[in-house]
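In the two assemblies presented below, subunit A is common to both, partnered first by subunit B and then by subunit C.
Up next is the complex of A and B:
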C-alpha cells in the first residue's frame, strides 16, 4: 500500500437553457482528478468528468429596486460561499482543520489500495465565471490585485501585485 | 421459452451462464440495479434553511450535489483508466547534455512533488 495525492480539478460555468420559458439557467460544477493523464480528460467518451453539483441561481436583479441592489448582491455572495463551502467541505482546510490529517483508503485502478489525500488543485472557468466565483467586478484579474487600467502592462518581478487569497 | 435476450447472451458469452429472462424489461431492471451508478454518490437535495434570497422570497434556497469523495473513489478505481493513472510525481529530463527539465503533464511539475513529498514525510 502506498500513498498518493489526488489533486481534484473542478469546472463550472453558468449555462443558459431557454430564452422564453422564464430564461432558465443552470450552474453545474464538474469534477475530475488530475491523476488521469490529460489526454483521457480531453476525451468526452471516457467519462472522466463527473458532475457533482448544481449551484443555486440567484434571482434576477431587474426585479429589485436600485437602492437594495448592493444588499442583494451581498446576499448572493454569501449564499454562493456557503454552498461552495458545504460542497467542498472534505477539501477545505481553513474552516475544517480535521481535513488536514484525513486520509482515505481508496481502491485504485491497478487493484491496490492507496492512502489518498484529496486536494483542491484547480478550478477551471472563464473570466466572467471567475469574477462570479471570487466576487470580483467584471473584467478584473482573478489572479492578482492588478488595477483594471494596468491589465497587460509589464510589471518587474520585484513589483508584482499581491496575489488574491483563494481560500474558501 | 427462449427470448431474444437469451440468444444474445448466449452468443456473446459462451463461458458464462445467465438466467433465462422473461422479457427485456427484466434485463433493464437488473441493469438499473447495478451498483455503479450508486457508487458515484446519489444526488442529494440540500436546503439552506436559514438563508433566503431576500425578504420577499420566503422559499428556502435549494441546490443539488453529490459526495465528492465518492466521486473521487469512483474515478480512481475505474479499470479503463488503469494505464493512464499516475500516483506519484516525476521529474522528466530530455537527452541534452546537460539535461533540461521537461514540463508536460501535471505530475511532471513542481507543485505535486512539493505537496506529496511534504505530506508523506512526517513532521
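Up next is the complex of A and C:
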C-alpha cells in the first residue's frame, strides 16, 4: 500500500480590469498540482489551472492620520491572513494529530481511488506580492536577508546571505 | 501569513522566468543599451540595424525602434533575446582605441546576460550547465559597470544638474571680462573645452550616485541553487497563470454590466463557461473511449462524428463541423456537403440524438433565454440546410421588417472571415418572431 504525495502549487497575480470605474483590480489565486505532465499542464484548454479564490484588495487610504492608517493596515493584514487560513484549511486538516485518517481518498484521472496527502509546495507570485504575503518590506529578496544596498552585488554560491527561514 | 501551514516558508517562492528575466532584466538591458548607444552616438546605426532584421522562422520583422514602443511583452522579449547580441556587436564595430575597451565590455556584458537567460530556459540540467550558468552570471556582474550611466535615476540626475549652475555663472563672468581680448576662434575653443568639461563632470557625478541595487538583479543569484533543488525553471514561469486571467476574469468582466457589484456576475459567468468546457472535455474523453473500446457509452453514436460536433472550436466559432485546427480547415462548400451527408443520415436515430443534444447544449451555452426549447422537442424537429433565411423582426417604429441572413459561402464578410453560422429559428404560428439573438 503506497501513498501519493500531491504537491499543490498556488499562484496569485493581481490583474487589472478597467481604467474607468475607480481602477478595478482583482487578485485571483489559482491552484494546480505538480503531478501533472507538463504537456497537459501547459495547455489552457485542459483546465489544469483552476481559480480557487479572489483575495481582498484593500482600498487605498489617502489623507487620513498616520495612526488610523497603521490600524487599517494591521486590519488588512489580519483579513488577508484569515482568508488564506480558510483557503488552505484542507491542507492543514490532515496534519492535525486528532484527525481520524492522515490521508484523503482521492479519485484520480484513471478512475481509481488513491490515498493521497496534499502539501503546499510552492506559491508563485511576483516580487511586490511576496512582500505582501510574507510581510516583507518592499524590494526585499524573498529568499534571503540581503540588505537593500547590496542587491546589485555578485554573490558567489558559497557566500550566500542567511536564509529568511532559519530552520534550513 | 503561512504560520499555520506545515511548510517551509522560504521554499515557497520559486524563480519566475517571465517577470524576472523576460520583462525584467532583458527590458533593463535594452534600456541600458539604448542609453549607452546614445552617449556614444551610435543610436542611429543601432536603430538602422534593428529595423533591418529580416523575417525568419518565428521572428517578426520590427517596424519600430526600441524607444518608440511603449510596452514590450514577454513573447517579443523572447524573440529579441535571439538577435540582440548580433545587433549590439554590429552597431559597436570600429571606434577609437580609447572607446574599444568600453565597447568590448558592453558586448561581453550583453552576451553574459543572454547566455544566462538561455541556460535558464533549459528543460533539463546537469552539473556542467549549472556551472556554465554560474560562470555567465559572474561575467555579467564583472562587466555590468559599463552600463552604470544608464542606471542613473531621477535623484542622481537632479544632483548632477545642480552641479552645473556654479560653472555656468563662472563661465558668464569669464565671458564678459574677456569679451574684448579673446578672438572668435579662441572663444570657440574655450566653449568646446568648457562643454566637454561640464559633460564629463556630470557623467562622473551620475556614475557615483547610480547603483544596481534593484531586486531582480539579485534574484538571479539564487537561480542555480533553486534549479538544483526544484528542477527546471520553465514549469514555474508566470506565463502559465497569466493565461487563465482572460477566461476566468476578463471575459466575465467584459460580459458584466460593469456596475458596483460586478463580482457575482463575473463569477457566475466564469462558472458557467467552466462547467461547460469541462463537460466538453468529458464528452471528448468518452468519445475517444468509444473509439478504443466498444463498451463504454450508449448515448454517443459515433465517436468521430460527436467529437467533431462537440469540439470546442465549433462552439467558439460556430462553423459547420468545426475544424480541429487550421490544417484541417475545409472549404465551406465541402463542409456543407459533409453536413448534408450527415443530415441525410439522420434517419439513423442515434445520429439525430447526437445532433440534437449537441444543439441543445449549444443553445444552453450561447443564448440568454435558456428556457424556450426542450431537448425532446428539439429531437423531434426538422433539420434543414439553407443558404439564407428571411426573419421577421420588430422595427423601431413598430412595423415588422424582414431581415435577410445568409451565409457568405467562400466570400469574406466585411473584411472579416467568411460566415457560415448555425441559425436556430423558432417558428410560432400567429406571433411575430423575436430578433435573432447573437
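A few points about this structure:
The definition used in the following text is that the second predicted complex is superposed on the first by the 136 of 168 C-alpha atoms of A that agree within 3 Å, B and C clash if a C-alpha of one lies under 4 Å from a C-alpha of the other, contacts with A are read in each partner's own complex, and residues count from 1 in each chain.
The criterion applied here is as follows: a contact is a pair of C-beta atoms (placed from the backbone, for glycine too) under 8 Å apart; a residue touches a chain by one contact, two chains touch by 3 or more.
Please read these numbers as outputs of a predicted model, since none were measured by experiment.
Of the two partner chains placed by the overlay, only subunit C lies in contact with A:163; subunit B stays clear of it. In the overlay built on the shared chain, the residue A:155 is in contact with subunit C alone; subunit B does not reach it.
By the document's definition of touching, of the two partners only subunit B reaches A:116; subunit C does not.
Of the two partner chains, subunit C is the only one touched by A:26; subunit B is not. When the two complexes are overlaid on their common chain A, residue A:38 makes contact with subunit B and with subunit C alike. With both structures placed on the common chain, the touch criterion links A:88 to subunit B and to subunit C. In the superposition on chain A, A:126 makes contact with subunit C only, while subunit B stays out of contact range. Of the two partner chains, subunit B and subunit C are each touched by A:46.
When both complexes are overlaid on chain A, the residue A:140 reaches subunit C alone and has no touch with subunit B. Residue overlap on subunit A between its contacts with subunit B in one complex and with subunit C in the other: 32, 34, 38, 46, 50, 54, 88, 91, 119, 121.
Note for the complex: subunit A touches subunit C at residues 11, 13, 15, 17-18, 21, 24, 26, 28, 30, 32, 34, 38, 41-42, 44-47, 49-51, 54, 80-81, 84-85, 88, 91-92, 95, 119-127, 130, 133-135, 139-144, 146, 148-157, 160, 163-165, 167-168. Within the complex formed with subunit B, the residues of subunit A that make contact are 2-8, 29, 31-40, 46, 48, 50, 52-56, 58-59, 64, 68, 71-72, 75-76, 78-79, 82-83, 86-88, 90-91, 104, 106-110, 114, 116-119, 121. Put simply, subunit B touches subunit A in their complex at residues 40-41, 46, 48, 51, 53-54, 57, 61-66, 68-69, 71-82, 84-88, 105-107, 111-112, 115-116, 119-120. Across the complex, subunit A is touched by residues 1-2, 4-14, 16, 19, 134, 137-138, 141-142, 211-219, 221-222, 224-225, 230, 234-236, 238, 240-245, 247-250, 253, 258, 262-263, 270, 274, 277-278, 281, 312 of subunit C.
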